[in-house]
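In the two assemblies presented below, chain A is common to both, partnered first by chain B and then by chain C.
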Partner chain A sequence: MVESIVSTGLAVGCIYALIAITYNVMFSASRVFSFTAGTLGMIGGVLGSLFIARMGMPVAAGFLLALAGGAVLGIVTEIVAVRPVLKSLDQHLYVLSTLALALMIQQFTAIEWSTEPQPFPRLFDIASGFDQKFWLPMLACAAVIVGLELLYRRTLVGHAFLAIAEDNFAARALGLPERSLRMASFALAGAIGALAGFAGGEMLLAFFANAPMLTFYGFVPVALGGMGNNRGAVVAGLLLGLFQQAANFLVGGIFASVAVFTVFIIVLLARPEGLAGATLQRRV
Partner chain B sequence: MSTNLRVTRRQVLAGSAVSAAALASGFPAPAIANSDPIPVGYLPALTGPSSSTGVGINRGIQLAVQEINAAGGIGGRQLELITRDTQSDPTKAVNGAAELTHGQKVSVVFGPVNSGESLAVVPLLARANTPQIHPCWVDTLTDPKKYPMCFRNAPTNQQIGGAAHRYVVEVLKRKKVAVISDTTGYGTASVNAYVPMLKATGAEVVYQGNVDAANPDLKPELLRMQSAGAEAIMPWSVNAGFLSRIINTRGQMGWDVPIVGQTTLGSGQTKALLEKPEYWAKVYPNNFRPVCYAAGGKLSDRTSAFVDRLKSAKIDMGDTLLWWIALGYDSPRMIAEAMKNVGTEPEQIVGYLNKLKEFPGVYGDIAFTADKHDGYPDNEVVMVEANSLKDGAFNLAPGYGA
Partner chain C sequence: MDMEATPSRLSRPNATGSASPSGAALPFLALLLLGILFPLFGGGYWGVIATRACVYWVLVSGLNLVVGFGGQIAIGWVALLTLGAYTTSVLVAGNVTPALPPYLALAIAAVVGAIFGLIVGLPALRLRTFYFAITTLGFATIVTQVALAWQSVTGGGVGVAGPIFPEPFASQWGFYYFCFGLAAICTWMTANVAASRFGRALTAIRDAEVAAEASGIAKPALLATVFLFSGAVAAVAGGLFAALQSYITPDAFTLDLSILFFIAILIGGRGSILGPLLGTILLTVLPEFAAPLVAWSTFLYAVLLLVIVLVIPGGIAEILDFRNRRPLESDRAIIPRPELLEPLLNAPPNAGALTLERVDLSFGGVRAIDGLDLEIHPGQVHGLIGPNGSGKTTTLNVISGYYAQQRGAIRLNGAVLPPFVRHVRANMRIARTFQTPRIVGSASVLENVMIGGTIDGKGTFVESLLSLPRHRRDETMLRDTAMLALAAVGLERLAAVRADRLQHSELRFTEIARALMLRPAFLLLDEPAAGLSAEEIERLGALILAIARAGTGVLVVEHHPDLIFDICHRVTVLNLGRILAAGTPAEIRAHREVVNAYLGA
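Take a look at the complex of A and B:
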């Protein structure tokens, strides 16, 4: 039982963490919580299955094309659902615009792909005690954490991303191309979201209805870990996966979801800024 | 010599009385030669998420109408199938039904073919006094008192569950049963309806649960079933992903327990999601005896002849189920038989169907009475071997005999 809780819990937790990072990367560049994050995850699984299982492409090519597809959808999100509402952030219109785009993509996928879950191919023809459907999401999550750390700390573009996230007015005053950097951030977020769906494809299958599930459970680590805080999101995502799987074993059925959201509400009541979030200081 | 043509008041009254009596006694109206097509409404879901059933049924319907019309139609009049695709959407089904009854003035409607759409359409057609035949399983979709013109030429959910329970308890001799469903309306309603039915047959329900179909790991649920001593798993869901996860998990656990339940267990979509083909063994979904392979792999003579007709008409069976095509094929034939016997007026058709005795369908022999509009026989609902699917039909599950 413990083995199953740990392996499935960590794998699912890593998928949630990657979706949470997708939210955060888009949030950092725009101050917008784009509810297309889960849809990007779903698209990663569907495109992976389309390219590899249905079209017979090599795994590497299918993987790269799936990430590219996610990146394109990230850019579309920025252009269609985020840019038009940036001037009125205080009205929170982005909730409506990003949800609408997410629903459109989801319905389009249902019509053109399938309303039934489709198989996701086994990516590596290897037999090991620890199945690839568990370690692939963990590997993907570790790669993204390391990659983002390197990007933000060691590259000029990464510093520019951080500058935009810190204060986009000041960054623009310094001559940074804010719009291009924002689009690049959304492309990066799209690729990370697609990676979540691709790496978790063997577990979640290529299914259009994964989108709302990932949107929902991917947001929990964002709220628990602190808005825009990737480290907090990863820790909270892993805890969420482990807790959810433990609840599946201990109480089972629909009560597992109830347990998850009960804990979620209690944590937010105790620490509204999230487990790792800092309290916002208002300048006076 | 003049002739007296005067008509008295007494003669007029006597004549009127005779005419009224003739009308009241149902004296047939003089036959007027009519070669106009007979409009028959048809509400399949040919597109959208629940269209796989409608697509299969449609192949049978089209073949039957072609055959009826090629054989001269109904008294020289052709059947005209007026189709409105519901797109798997109850709202569009209601719009289609309204147009068929008020705009097209159809004599009878077949469909919708999905329960969700029928739940919306049945009351509407009842108000429009239009005879309706549908194949939907939800129990409440027929009621001779509320919907006196609505007939079902397929089993009810009670019959489907009953057949599965008989197989588990009487054939497999398993007394400890786990009943699981997803959290959809169909899933929860099925568990609530079937658990008391199972208990009434003498079985012990050792596990009962509703689980989110998106849950990627069902091992906790199956371990719970196993530790409770379950000897059979009965899943009720139309979600192929959910069902395949149950089958895969059973296989990974190496648990040799039969899975008995919903027809989707035997669908191609479920098969496509299995980690290993051998995991499909000992999985027994619902099906219907007349369209199953008996011992020796043979279909009944009636069904064999039907399959030959399908092959000669080049109708594909490999990507659908034979019972869907057979059900579609039987429906217009039953309507045509009613019209040949009593005409095309709604009351006449309903009167005929109310006394229908064992209409010889490929899908099954259908019979109705004025008090019972569920026409499918109990004993034709059976269980089959999921991994025996060939040309849209399955082998009967072990234990049914020849």
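Take a look at the complex of A and C:
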């Protein structure tokens, strides 16, 4: 039982962490939290199932196309829901515009794909002791963390991303192409979100209603780990997964979600800036 | 307040914020008539649709105060509908208690809804927009899951029968009239709140939170009240919804429904009652016109939301606002009438002096204020000048409670002013303006000024809901005082205009009028002359002097040396958080260091 809690918990936690990173990558580039983060995860699972199971493509092709699809939706998010409201003084608008786009994608999927959960194909034909539905999300999460670390620390584009995240105005004053970098960030976020849904496909299935679920559970690590803080998000995501699975076993699935929600609210009320974050705003 | 002293043409403004009352009520009366006569034209199925629109509006009317007025992004309000539906149904069915009569069950549901409305809403006091949106979303999913799991009470996936209201409300049209009546009452109540100091305070929290605080509006208490009300009517709507469905399962309470409620408000326009009402009717009826639309309805709502956000942020209400499309006169001058200050301020309470004693404040390693002593006396104008970054605005912010000093004390008449409890300043009759005017752009100038007098209202929220006499007296008093304040600063002709159509200088004078509503013992002005023409600065100076003559102590932070030296009784010069010099204008003008460092030769 403990083994099952840990493996399921860590796998689910990795999916949450990946969605949290999706939020963070978009946030760093634009100071916007987008409701499409969970939708991108959902779309990764649906596209994977569409390309591989329904259209019979090879796994590698289906994988790349699913990621590409996520990247495209990331760019669409930037163009349709983020860029038009960035200059607006009313900062609430982005909540509404990204919510609208997320709903559109979700409803479109429900109608054109299916309102019922569809199976996600088994990717590798191997029968090992540790099931691939557990290690795939973990592998994906590890790959993203290492990849992002390399990108941010070792490449010029990565430095530019960091510069934009740190101080947008200063970065623009230096002549960095802010808009292209922001679009690139959203494409990257889209691919990461789709990867989360793809790697967790066997667990979550290809189901349109995963979108609001991931939007919520993916945001919990962001809030607890501190906005824009990827390491905090991964730790909080794993803890969330383990906590949820443990509660699942101990008190049953429904009350597990109640428990997660309650803990989330209490922690947020006690520390609105997250467990590992600090913000000071000048208001007047 | 002695109204005899005011010129009679000011006491009853005809061009008030809500136009002539009869004109504003006309669309509502038309809808009322249409609703009453509806059974004459609509048959069977349309009766269900009309009843549903009424039920939805009962919920949306309450949510409108939260979203449209308070600006809180509550997207999961379906949770309270679910809660009300199950509470009513389960109590009537007698699953846990002896079976209760439907009306009693509905009343209990309202109480439960109010409590949960408060629980769902409270995070809004601490959390920023997106966080709060997500928590309401999470709450909505969880309530449905609990309904599904708690089989012994809710019937789980099988569901539970909805309540049946006894005659005369048992028949289809009987039930329609019941829902319609409640919807009409909700419209009336929320319209009352919207036109009250509570409604204005909500919009102030939404659009100009710091100004709301400076006007003494306590956000926690106000939002808590509104969440209680909104939760109660949402739960009542839930009970009606269950009766309309006649049988409820958790499937009936999808997030789509929540989105419908939310979007109805935004399509209607924030800060309006009529707009969201039309929005609710529109969204309920729209999918019925074409069958294929039903499947796509939520998609279409989302498209509508995006269009509204990007193209017409004001929603239907803005489209219908013909009055504010008329051009304003282009050459309008602000001509204050300082003689009106005497009746307006009416000898403000003598509060002794406002003093700062050796106040220190550092941000990290930067000493923003360093051992500052300051003494402001009633009836005097005290100038605070200095180069950028010398700590002038920071000083104002310490006095008004945005920052806590690390050392030293701020006293009013000897009593220590505690940091951070900003709205308490207004109770102590300390008013202020801001470097960039903080104004509710969508409200009229008059309404903006009335916000300043919020704490002088006597009526409670419930009295405003029901438009009881004390509420009406409050409104008359605030309106008359605000007109007087506007006349005193020279803006009474613009009283009915939307504030976001004003010029910058007019906004500055609007802020002063709003601050005067407090009858301040002390008035803190943060760069009131910035962006004003030379003529306007001169009038501003005369106005400030007149305010001081009426007994108010004024602290002016300014960059215009001429204005400062003309009007101030005492001047303090700051540099790098320290006092460089303090004294009468003549002394400062002769002060060698000040001249060198700041004024120039």
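Methods note: the second predicted complex is superposed on the first by the 275 of 284 C-alpha atoms of A that agree within 3 Å, B and C clash if a C-alpha of one lies under 4 Å from a C-alpha of the other, contacts with A are read in each partner's own complex, and residues count from 1 in each chain.
Everything below uses one rule, namely that contacts are C-beta pairs under 8 Å (C-beta built on N, C-alpha and C of every residue); 3 or more make two chains touch, one makes a residue touch a chain.
Please read all numbers here as calculations on a predicted model, not as lab measurements.
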{"item": "Room on chain A for both chain B and chain C (clash or fit)", "value": "clash"}
{"item": "First, second, both or neither for A:42, with chain B first and chain C second", "value": "neither"}
{"item": "Touched partner set for A:213, first chain B, second chain C, both or neither", "value": "both"}
{"item": "Which of chain B and chain C A:92 touches, first, second, both or neither", "value": "second"}
{"item": "Partner chain(s) touched by A:18 [first = chain B, second = chain C, both, neither]", "value": "neither"}
{"item": "First, second, both or neither for A:80, with chain B first and chain C second", "value": "second"}
{"item": "Partner chain in contact with A:257 - chain B first, chain C second, else both or neither", "value": "both"}
{"item": "Which superposed partner A:171 touches (first chain B, second chain C, both, neither)", "value": "neither"}
{"item": "First, second, both or neither for A:235, with chain B first and chain C second", "value": "neither"}
{"item": "Comparison of chain B and chain C by chain A residues contacted", "value": "C"}
{"item": "Chain B versus chain C as contact partner of A:100, first or second or both or neither", "value": "second"}
{"item": "Superposed model, chain C segment overlapping chain B, candidates 152-160, 188-196, 314-322 or 440-448", "value": "152-160"}
{"item": "Chain B and chain C footprints on chain A, overlapping residues", "value": "213, 252-254, 257"}
{"item": "Interfacial residue positions of chain C with respect to chain A in the complex", "value": "71, 73, 75, 122-123, 126-131, 133-135, 137-139, 141-142, 145-146, 148-150, 209-210, 255, 259, 266, 295-296, 298-299, 301-303, 305-306, 309-310, 313, 393, 397, 400, 402, 434-435"}
{"item": "Chain B contact footprint on chain A (complex, rising order)", "value": "1, 4, 8, 12, 110, 115-119, 203-205, 207, 209-210, 213, 245, 248-249, 252-254, 256-257"}
{"item": "Chain B to chain A touching residues, read off their complex", "value": "48-49, 183, 209-212, 214-217, 219-221, 223-224, 239-241, 244, 269, 272-273"}
{"item": "Contact set on chain A toward chain C in their complex", "value": "33, 80-81, 84-85, 90-93, 95-97, 99-101, 103-104, 107-108, 111, 212-213, 215-216, 219, 223, 252-255, 257-258, 261, 264-265, 268-269, 272, 283-284"}
